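The following pair of complexes shares a single chain, chain A, combined with chain B in the former and chain C in the latter.
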Partner chain A sequence: MSSKGNTSGADPSWGKRSDLEVLNRDIRRVDGPDKATGRAVYTHDVRLPNMLHAAVLMHPVPRADIRTMDISAAEALPGVVYVLRVKEDGKDVQYSGDDAVLAVVAAESPEAAMDGVRAIVVDAENKEPVVSTERAKEPDAPLVARRRRATSNITSRRARGEEDAVKAALEASAAMVEMEIEIPVQHHVCLEPHGHVVDPGGEGENATVYASTQAVSGMSGAFAGKGMLNRKASEIRALTPHMGGGFGAKFGPGLEGRLAAQIARATGRPVHLVLSRSNEFTMGGNRSGSKQSLKLGADKTGKFTAIHVVAERHGGFGGGAFPGAPYRYAVPSVFVDTMSVKTATDSSRAMRAPGHPQASFGMESVVDQIAYALKMDPVDVRKKNLTADTHHRQLDRVAQEIGWNDHPNRTAPGTPKNGRAVGIGFGVAGWSPGGRDCQCDVTVHPDGSVISATATQDLGTGARTYVAAIVAEELGLTVDQVTPRIGDSDLPPSVASGGSVTTGSSAPAIKDAAHKMREALEAKLEPVLQAPVGGYIWTGGRVHSEEDPTNSLAWTEVCALLRDPLQVSGRFQKSLYEGRIHGVQAAKVEVDTMTGRVKVLKMVAMQDQGLPLNRMALRSQINGGMIQALSYGLLERRVFDESDGYLLSDNLDLYKIAGAQEMPEMVAIIDDEDERDSVCGMAEAPIIPGQSAIANAIYNACGARLTRMPFTPDNVLEAIHGEV
Partner chain B sequence: MQPFDLKTPKSLDEAIAELPAERSYTAPQILAGGQDILTVMKDDIAAPEALVEIGGLGLSGIEMSDGGDLRIGATTTIQEIADHAGIQASFPAIAEAAKSIASPQIRSQATLGGNLHQKPRCPYYRHSAVNCIKKGGSVCLAEFGFNKYAAILGGGPSYFSHPSDMAVALIAMGASVEIQGPSGTRTEKLGDYYVGPEVSVETETKLKANEVATRITVPAPAKGSVSTYYKFKERASYDFALSAAGIHLLVEGGTIKYASVVLGGVAPKPWHSPEAEKALVGQPMKAETWTAAGEAAVADAAPLDMNGYKVHLVKGVLFRALESLA
Partner chain C sequence: MADPQDPRPDKDAKVPALSRRSFLKGAGGVAAATGVLQGAVQATPQEGRAATLSGTVELELTINGQAKKVTCEPRTTLLSALRDRVEPALTGAKPVCDMGSCGACTVMVDGKPTYSCLTLAVQCKGKEVTTVEGFGTPENMSDVQEAFCAKDGMMCGFCTPGFVVATHACLDRNPDADLDEIKFELSGNLCRCGTYPHVFDAVQAAQAARKAGGQDR
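For the complex of A and B:
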């Protein structure tokens, strides 16, 4: 990039967008060919000499007393090397999830490990499963909450606001809508399940952990300690060159990491323990379900007056997530009563914008409904109650792109013709992406090769690409001239990828390192090109002094001035980051009211995030958010058998996720009116409002209000016909 | 999945000789495309000591006679059927059914015989830890449990919905199945070949353990007749039928002269609906008639707790299927 205005010792800045030569453009992923051809090695692919394969035995129902477990037949099987008893005889299983893991079999082959699992004989007495929240709430339901002195499965109940005043304000409102919302539990469905390959190393050697993780820097410490590898963190190297998705479910080693470490320690051999798809659905975490009762009031101009929300978090054995109410809109009088309803099922975990899609679905449904109750345009009603200018301009642009202005039903739902109807709906988002300390080293070799190194992991977002691109921009190089190194705990520490924190933390650190490298090189150039540090333009693989463009050197000539490799270290700089973003989405659907089929025809999403580092990766993230929200809205639902407690949807046959036929036309719009000189992550915002926009589009099409997700034919036909 | 022997007989007679007299959890079974039997083994529904491979025994291929009769060998792949120009032209219902199945990878491997004989997809039946009535247990857990995908017609004592698409389309087209066993060959009308759980709870067809279904034959459709297979999948990309209709019609002068209606995804066997046919024949080809056929088809439906929506869905599916033939 050019360096106008940069003087010696100046703070790094992203620079004027018009000056950028690498960033704010479409940059192909540097690891794209590896991923597309299968060359990329994921944790699941790691095969080491002498490696054991482990398989997990789980109890098939959530609550049981394990009387005895006989592992002798498994131990005697050919190929079985080690059987780790996880649940001792006489202990109980308290929930479907980690607590249902009874044993792990490690063997010379995956097949032998599975044969070993099958050979274990368990004598258990199964107990009432308590998988439904309705059952869990009943006074005589067995207590699943582990907290001492708990008397109910309803926990963490907290009310906020003056309920009487809110009720009075609702009654005095020109319009009031009430809605009961039901949202099932969603799974992360990472392409790569949770797991590790743990190599304990030989005598006097360090240990290596290949981990499918969102937190590679933390893994050395997490695998140290007594219950784990019983080594110092400094003796453990964690590697995550590629990982097949996390979405919030992969922060620590988890139980599966601990078990792999224990077997590796006991046998002295590398252990491959990656969860099966069934294990993954049972113990890999989930997005909590939700039940919400909402009442929203508005005056006759469409301005909201009051909101009353009672919300349950269905986080299984965990607490679940719900960010409160009102979600994103300004409402003067608020009463919110939230609680967790515990069931004997796997704990919820963070999942891409934890709690927010649930809150969005409740809020956007009543916001939409009250607009129609007032016979007003739902876009206008949204704008009346959203304070940020960014939301207003994004609503206008998205409405234009989806065709709202020419749409016939803007203040009342349409009427199906021959059972078919087309509708449009909207939803808004918001997020505060994090940014915190993070480090990066940039190294330039005398031969001109460049390395940009930070321990961060690429969850599929394109992080690896900007690790190179930011350095290339600063030094006037192309992306392929910089080698990015990531996914290794031996590299300068980076943050765990949660809360959209990765870009906001690591990009400033990379920028800082790149800037320091540039200044270090400019110091070496002073005697050659006679300009001071800060007086150079780096562009097109050359550097010249700002004063005299003919006074220049090629990149390789600059590097040839170095006697030894030059390395600098950068750190997170707060001035390069700002974590406040918005987002608006719209959906256009066709509903077949005869069959209950909802076909999403088009989705439009608009997103702000400061400087777009890589426009192509950014659009990919926005598209991914729309796809995941569409799948959540149209199909996804965890299913337990409520009387015996079997998890029936522990497979991709019954746990349905959207495929190619479900994909609509997708338009991802980068909000270029956001001219902030800062960066941040943005991937959580675009997951938030998609399913809400789809439900609102269904209503707009045909007047059927979908209050229960997913919008499968059973729920759509019920919304159309009443109880079926 | 338990270890097994793979038998590769050189002739159909040798294959039949490898098959057991009675079915059991460990008794040998047929292997053709492997798209169902391997999942059955992985789900611990069966652990056959041997699989008897019938590929390469001359059972594959599609023939159309000069008169337009169709013969399809049992090991013909679903993709070959979907791609066959003659079937597409004369038997669109059969080509459409083939095209609607699973994914390109599965269609290229799965066979017609395997599709017709696949085991139920009920999540209880497929769950390793569950011993349901179809696996020798005492109750159908879907009856009072999760029954969103279960049968609304012909259920009891088990309530799964039959998963085969090909069977629905073939029965609508009047197909027959040729069967070979130790004592020779026989032919059954495919419409009579499937048996409901009230007749046999553990099996879905009249095929005996030591028999092989070798070929499907379909008579040439009446000149001017039309047919379709309309499959409604919950997930359009890849799914079994939530409800489906195989329809063969002869419409002359705007009046329906002949109708064959078979429903899929709603009963433990492909569900022939004489009620819907009666509502169609002699009536004008128009929306009111299609609605009446739907009403007639579900008049006797007995939905469970979670599948009442299928009553509406079947009506919608029949309407859309008939509409597509107008």
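For the complex of A and C:
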């Protein structure tokens, strides 16, 4: 970094954008070559000597009494080494999910483990499944809620606001819209399923756990307990060299980690237990579904007056997530009544912006509808009710990019021509990414090598790359001169990657360590280059005194001054972080009103986050958010057979996610008017509003209001023609 | 044990000799397999233990230009053979759906992109199998691998080996593919992180490099 404004001796700062030589540019992922050549080793790929492969037997329906389970045939199969009984005879299965795990078979090969699973004989009495929320709400439905004294499957009900006042305000409004929203359960579909390889270690050796996790720092402790490896956390090393997606589903070891640990302990052998795709759909978590009744009022200028929301969270055995109302917009008079409706299905987990895409879809749908009800431009109505200037400038820019200003139907929906109609819709997002304590060590060796180490994990965000790049920037080096070390619980502790907290926590700690290293090196330079600490410029692999640029040393010469490796430790610095971000998205769609097929033609997203550390990885993240939202809006739906309780969508044929053919033209805009001298994570925000923008675009195209996700042809035709 | 920081399949490691492979046969096995049906089903195997058919096959496969001896069963998929039965293990091809829906396991068999999860190892006898590892190494990447890095055609990277192989196949088959054709060629591969736009950029960058006189590799 060459900035004079960022001299050392002062507190660390990210520095002027124009002075940056590494950050705020397109940086190639440092692990790209490993990933592109198949060299990168994920937990699923770990192969250890003497390793057992484990497979899981699950009861296929949600509720049952397990009378007996005979594992003797499985135990006798060649290649089968160990069968772990998870449900004892006489116990019940309470929901489809980890509670349905009956046994685990560990064998010499994956095929032998599956043979073992198939050879287990279960005698069970299945009970009414209670997989639909409609059934769960009926007074005579079996109770699935585990709460003491629960009398209903409706739990955690909470109302906020003066209902009578809100009703009166709605009635007095110039316009009022009412909508019933239905959103199915979505799955994370991490391409690498949940799983671990647990190596118990030999006599006197430490244990090693390879984990596909978003929280490598916590893993040693999580595997230490009695039901786990029953060892001290300090004797367990957790490693996450690479991981194949998390999206909020992969924090603790889960039941699968516990069972792998138990088998490793019992057999003394390393155990590879990674869930099958079907197991993953059944017990790997999900985004809760939602049902919302919304009423929104506005005055004749388009200013919102009041909102009334009754919302159900459909989180299966768990509570589900919903952030409340109004979502993102300012409304003076608010009544919200929220509740969980429990079913005997897998508990929802955190999923990229938990609850927010659901809330966005409800809110943006009524916001959009009220604009058309008032014959106003929906972009103008949004601006009237959004308080952040950032949202205003982003709406303008995104509207321009998607072609809104030349679009014919801006205050009323269009009509199809030859059965086809094109429309544009919008949605807004926001998030408060966290920043917490976190540590990083930077070491410089006399031979010139630099190591930047923190126990974070790279979920695909590019974290490994900025662990090196931030240090390179500070010391005037190139990214490849710094070796990043992450994904190891023995490294300085970092945070669990949830709530977009990783960058906001670890980047300041890395910057702090880099800054301290620069000062430590400058102290060594004083006798050589005759400038005080803070009087140097580091750039292009050299350092020179600020006063006299000819007085300089090359990086290797600087390092040669060291007799031993020099190590410094950095910590999270609040001054380097700010956790407040905004985004806007727009979608342009073509609706075939004869078949109900929706084709997204273009999506545009704009996003702020303070200093962009790596612009290329940032655009990847923004694209990824748009694509997951598109997939959520158009394709994704968990489906249970409601009479028997089988999960029908437990594979990638029947649970659809977006592929290459669904991809529209995509534009990811980094909001460069945001000049904050801070960093934070941003991955949640761009997944929030895309499906809302698509639904609004469908309405704008042809006047069909999609209130039920996903926007599959059947739902679209119903919105066009009414119930058929 | 190998360095735990480098949990690469260890080629020097001793893997236990695979015991006699076997698979279920006949009604007893099938009844056991479906013993967890709806209702109060009592499933009893007709014999005390699941009956078995056994058989191992010694195969020679040509993988990335090298002859490899593989001990497997008739039912062993090519994917499983690559990941669990060759030494050192080739784990670039990923098991994701195990049913031909996602393309993460894509390899070339005699120059054709093939889902290795749907292909039996025994079918590949006498054929050339090329995995993502066979196209290049981190030190010497193929033009496609290089383009994926340059354009950030990856995030978590779990789908990336499949996309790289599918892209090689696309460029072999249709070097001048336009964007729609590229989408069609890659429609057998899924990415959850949402790398598609940058993957398309990478394919086009590789196309452009080949046109500009870069070598086909």
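Following the convention adopted for this analysis, the second predicted complex is superposed on the first by the 718 of 724 C-alpha atoms of A that agree within 3 Å, B and C clash if a C-alpha of one lies under 4 Å from a C-alpha of the other, contacts with A are read in each partner's own complex, and residues count from 1 in each chain.
In the analysis below, contacts are C-beta pairs under 8 Å (C-beta built on N, C-alpha and C of every residue); 3 or more make two chains touch, one makes a residue touch a chain.
Owing to the predicted nature of the structure, the values given are computational and were not obtained by experimental measurement.
Of the two partner chains placed around the shared chain by superposition, chain B and chain C are both touched by A:661.
When both complexes are overlaid on chain A, the residue A:653 reaches chain B and chain C alike. By the document's definition of touching, both partners, chain B and chain C, reach A:644.
Touch criterion met: A:620 reaches chain C, while chain B stays clear of it. In the superposed model, A:419 makes contact with chain B only, not with chain C. Shared-chain residue A:108: touches chain C; no touch with chain B.
When the two complexes are superposed, the chain touching more residues of chain A, out of chain B and chain C, is C. After overlaying the two complexes on the shared chain, residue contacts for A:244 are found with chain C alone; chain B is out of touch. In the overlay built on the shared chain, the residue A:60 is in contact with chain B and with chain C.
In the superposition on chain A, contact of A:28 is made with chain C only, not with chain B. Overlap of the chain B and chain C interfaces on chain A: residues 60-61, 118, 644, 646, 651, 653, 657-661. Of all the residues in chain A, the ones that touch chain B in their complex are 60-61, 114, 118, 418-419, 592, 594-597, 599, 635, 639, 641-644, 646, 648-649, 651, 653-654, 656-662, 712-714, 717-718, 720-721, 723-724. If you check the complex, the residues on chain C that touch chain A are 1-2, 4-10, 13-16, 18-24, 29, 32-33, 35-45, 48-50, 52, 54, 73, 75-76, 80, 83-84, 89-99, 101-102, 104, 131-133, 135-139, 141, 145-146, 148-150, 152-161, 164, 182-184, 186-187, 189-200. Chain B contributes residues 1-2, 121, 123-124, 126-130, 141, 144-146, 148, 232, 234-239, 242, 287, 303, 306-309, 311-313, 315-317, 319-320 to its touches with chain A in the complex.
If you check the complex, the residues on chain A that touch chain C are 26, 28-29, 31-42, 44-50, 53, 57, 59-61, 72-74, 76-79, 102, 108-112, 115, 118-126, 188-192, 197, 199, 208, 210, 237, 239, 241-245, 247, 276-277, 459-462, 488, 616-617, 619-621, 623-628, 644, 646, 651-653, 657-661, 663, 666.
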